[in-house]
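The structures come next, written out as structure tokens.
Shared between the two complexes below is subunit A, which has subunit B as its partner in the first and subunit C in the second.
Entry: the complex of A and B
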């Protein structure tokens, strides 16, 4: 039996008159003229996106940077240049530090809460097939509800005399702990935070459950055969496989903690007496209620500047986890 | 390739041009400021579609008599606060706006040169407005608007409840203390109050302080002759601290919003409610009992109503049609408009109005009579603080009252914060 002849190499395409005139080909066999045309087409194709980015992102950011160096009150069309005065004031502003502290509490609890609860729920329902869609819809629903509606409804739940929470507590004999949850400076922030955790838990649940569905179950089975208990299987087999997704969810939840505004604004407006003030509501209050646009912009830029490194760090962790072969 | 390039380039240029230029109105375009025979009237968001219909029907009367069409545009208060200055600077901005008269509202717009000077128009048209109200729209000696409506702040009470408990409407602070005690013992909330929205707190201070120091004392505070941390201010704040600690304001008032606060009174759960004359409209619709309305008591005698102005019409300095806009303001300043607003909006016009033959709630008729006699020299009116002070002061006052009611600050600390804010 003779070996089959190797397929003949494809004959070179005849050079056209145009390509001869325009010069030599590149190593990939594409003429420079074609490459230039491709590059031009590429530029044209991305141009709309670049224009949109420039108009709606770059320009507003540059505009915001300008405003932090002037003292703009919303009226004066030629605001005076104040240099770093807004940053100096910010560093000495006790109310800003109180708001930043509330943000820190929000970031820690508002990230850990949904991650723990959402992941726990996902693990509970991982093996559940019957009614799985129902559970996903039910737990995800709070996340897609408008924050304003959520804030209003939870405001009723927390109401001191007619609220369901106090009525429920009274019904189970815990009448002594009833209070005006949103009007008590000791509980207001945590009451709002509880609402936010309720809405975000569904998001974490759905994403983590999807990741769990892609976990290699044979590895879990193998670990079980090797005698690993539930905790060991979870820590050493399951979590590493869902780590990139878990980090992505962590990043999104955490960045949301920096930028929190709407739920606080709707439920307490930052009160009582600034007890629930966060940087977002404090920036809004300065910019639009006190007409201190520049100081409000400075606060907003600081929030952005704080969030970006964290987002970059989590993104790198996620990429490293993916490149190490982890991930569902 | 070439045709696709052209399409892409053209699209990008159009997109950029659209994004950068925004809207511009051409003559005759309905989207912007009114032309020779039309006006754009920008108002704060009305309560419901029915209110808008009533206003538009009323403006149709103006159109019929003047031949000037009026397009009503609405914005919610927060949005209006944010974009109003930009809109007034725009070529296609509104001709007439309805906006607050305080220094942070119309005062700031007048200072920025965005409002039309109406000083001559007042003389030419002989607009009859209470002096008290006219002063509120006068900035640097020039008049910039017509006051829209007057508001008084005082104490509403359920006549049946007080009568059943054998209590007379309170005239002094001690009367009020005794009434609160009796109502509380009867198992009702003495005074419905909610400060979650923060602004109702300013009315507590306005009414208590107006009655304690009178209009002259209030003017001394506004001008800086008297300090905001003076004993009278501390005492006024102390009364509300005492009321809260005794449970006379209900449970956790800072957790309760304004709507819940009014519903507590309307449902009969509370015997009294400290709020403003705008509440008469709610009473007419929602209460199945009779109410009385008295000034907040003074420490040693009868108090005075704290009064302020609501939003009123102002003309944009950039209007293309100042004659038409002045004609519209002339319509708003008329007695006919005053009678219409009394009947349809249950508000207090800032001018004398003959209410004979009008379908008016008895309580509103009483308030109209009181305000008329007080404004024409028959007595005194106090001041509603938040419409006269700066936003920075108001912020300190709103936060301060909340802090007082939640035990975070003492009356002296709140007063000191007010004094510091007044210096900003």
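Entry: the complex of A and C
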């Protein structure tokens, strides 16, 4: 969500082949005058969207590429050209590597957690008729909420003296592990991750559930007659059928993990003692708090570039899935 | 299909499964229940007995958040930032989506690459230079400027989304319309658009939620705080000083309530928006 881990981070490219074919079909059998009218209307209809994207997307992206090669402090109208200095600084910046390491932990756990939990939930709900809409609405809800609000509530849950988590731990006799979960550098990252997993699980759940509804139940039935037990049916019959969708949701969650920002920024701001600093928050604080505009931009572009291979992989998966007629 | 799945799904739904699901649902909802409960308790009760759920009833926390916490103006600003940007996205995406799906026009390939580019590049990548661009255009702290930015972050997705709806319509419709002497504009406006209103509705709901929840765009481009939306107001409410949990819970409730209501009422459209961002090719 949210500019939350936006699901639209890298949506599939529509197949241009199909539209071109369709275009030709409409052209054939229409008069020259109609075609001229179509061309004019097409340009007029696309123009507003194109202008907006040119001004608020293409232009700033080009500027970002320019910022990377200069040293811009936000005031200088002709900032000095520095070549690749921003990149060499980045490679030697120990704080950047610490943030990158946290980011890696985030990507791994923040993907694995929701995948396991969301798939488990979907399997649990699969085939349940009574109340299935209710459960779907409930489990997806955290993903729809604004991240700031989510951060506030989980802040209470993790609070040192009056937090619900500590309170619950005391109740079950684990009083010695209680702490200020967000204030302790050893646990802060994992506490924020726990919150993020709570929100992302619903996303995986909804997508896997919709894939499960397309599973050929005859095959599951046949396997059951052949004496396959639950685990065998799951591994050999069900999972292979939902694999394309499963891989897609994996890629999407991975992409969201690279650019994580809102939830960390709101809950800890990167602290305590940089324990939760990720590349996104580090880029933000460089650009907007330390006025190191060029360096912050370089960081943001690097984060984006790192996610590109995953996005390409995702796109390939989606195209294969759509050509096989799969989908939700 | 769903009914049949019951018999074939691995494992039979029994008491145990329903119990587990119910428990997990409760666990998932707990943070939301906590917000509602804390909001509706009296301020005194929140201080003395923070762990009691629904142990008293009072609207004073809501009152404090509304009057002292400025959540009334945050709410208005959220509307002023989400509604116009959503309208822009839905209208422009429907127009562009139709052109890409149905009309041959010069520059089409190039324009299409622009849409794909927008799908691939996240806001995060260009947020810094956009700040300085907005500053030099005099659009910082401006409702118009921030609405335009919010709209342009969703335009690519919207165009791609609407294009899929128009592509699915049969070509016979156009031919019949042309036979009747309709102009291309009339075909678009009076024949095609009415057939994709369900798609426009889903796009509107999905976009509205994204804009309502957006935090980074107003954080960056509303620096003076004149038009602070709920997300930003809530963030600043927790920052700096330690506030009472009661009014904070009330502020959180005001922020999430429109989202929850919209989502529960229109969950099909909302889920469709999120799903098509993920799976449909």
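Criterion: the second predicted complex is superposed on the first by the 257 of 328 C-alpha atoms of A that agree within 3 Å, B and C clash if a C-alpha of one lies under 4 Å from a C-alpha of the other, contacts with A are read in each partner's own complex, and residues count from 1 in each chain.
Keep in mind that, in the parts below, a residue touches a chain if its C-beta (ideal position, glycine included) is under 8 Å from a C-beta of that chain, and two chains touch if they have at least 3 such contacts.
Small disclaimer: the values here were computed from a predicted structure and weren't measured.
Of the two partner chains placed by the overlay, only subunit C lies in contact with A:262; subunit B stays clear of it. When both complexes are overlaid on chain A, the residue A:45 reaches subunit B and subunit C alike. Once the two complexes are laid over each other on the shared chain, residue contacts for A:296 go to subunit C alone; subunit B is not touched. When the two complexes are overlaid on their common chain A, residue A:221 makes contact with subunit C while staying clear of subunit B. In the superposed pair of complexes, A:37 makes contact with subunit B and with subunit C alike. With both structures placed on the common chain, the touch criterion links A:150 to subunit C but leaves subunit B unconnected. Among subunit B and subunit C, the chain that touches a larger number of residues in subunit A is C. When the two structures are aligned on the shared chain, A:271 is found in touch with subunit B, with no touch to subunit C. Look at A:74: by the touch rule set out above, it reaches both subunit B and subunit C. Shared-chain residue A:132: touches subunit C; no touch with subunit B.
Judged by the document's definition of touching, subunit A residues 37, 40-41, 45, 48, 52, 55-56, 74, 155, 162, 288 lie at the interface with subunit B and also at the interface with subunit C. Residue ranges on subunit C touching subunit A, taken from their complex, read 1-11, 13, 17-18, 20-21, 24-25, 28-29, 31-32, 34-35, 50-51, 88, 92-93, 95-96, 98-109, 111-112, 114-133, 148-149, 151-157, 159-160, 163-164, 167, 171, 174-175, 178, 183-185, 188, 209-210, 212-217, 220, 230-232, 234-235, 238, 245, 248, 252, 255-256, 259-260, 263-264, 267, 270-271, 274-281.
Against subunit B, the residues of subunit A that register as touching in their complex are 37, 40-41, 44-45, 47-48, 51-52, 55-56, 74-76, 155, 158-162, 179-185, 268-269, 271-275, 285, 288-291.
Interface residues of subunit B, counted against subunit A in their complex, comprise 1, 4-5, 8-9, 11-12, 15-16, 19-20, 78, 81-82, 85, 104, 108, 111-112, 114, 195-198, 250-257, 260, 391-392, 395, 398-400, 402-403, 405-406, 408-409.
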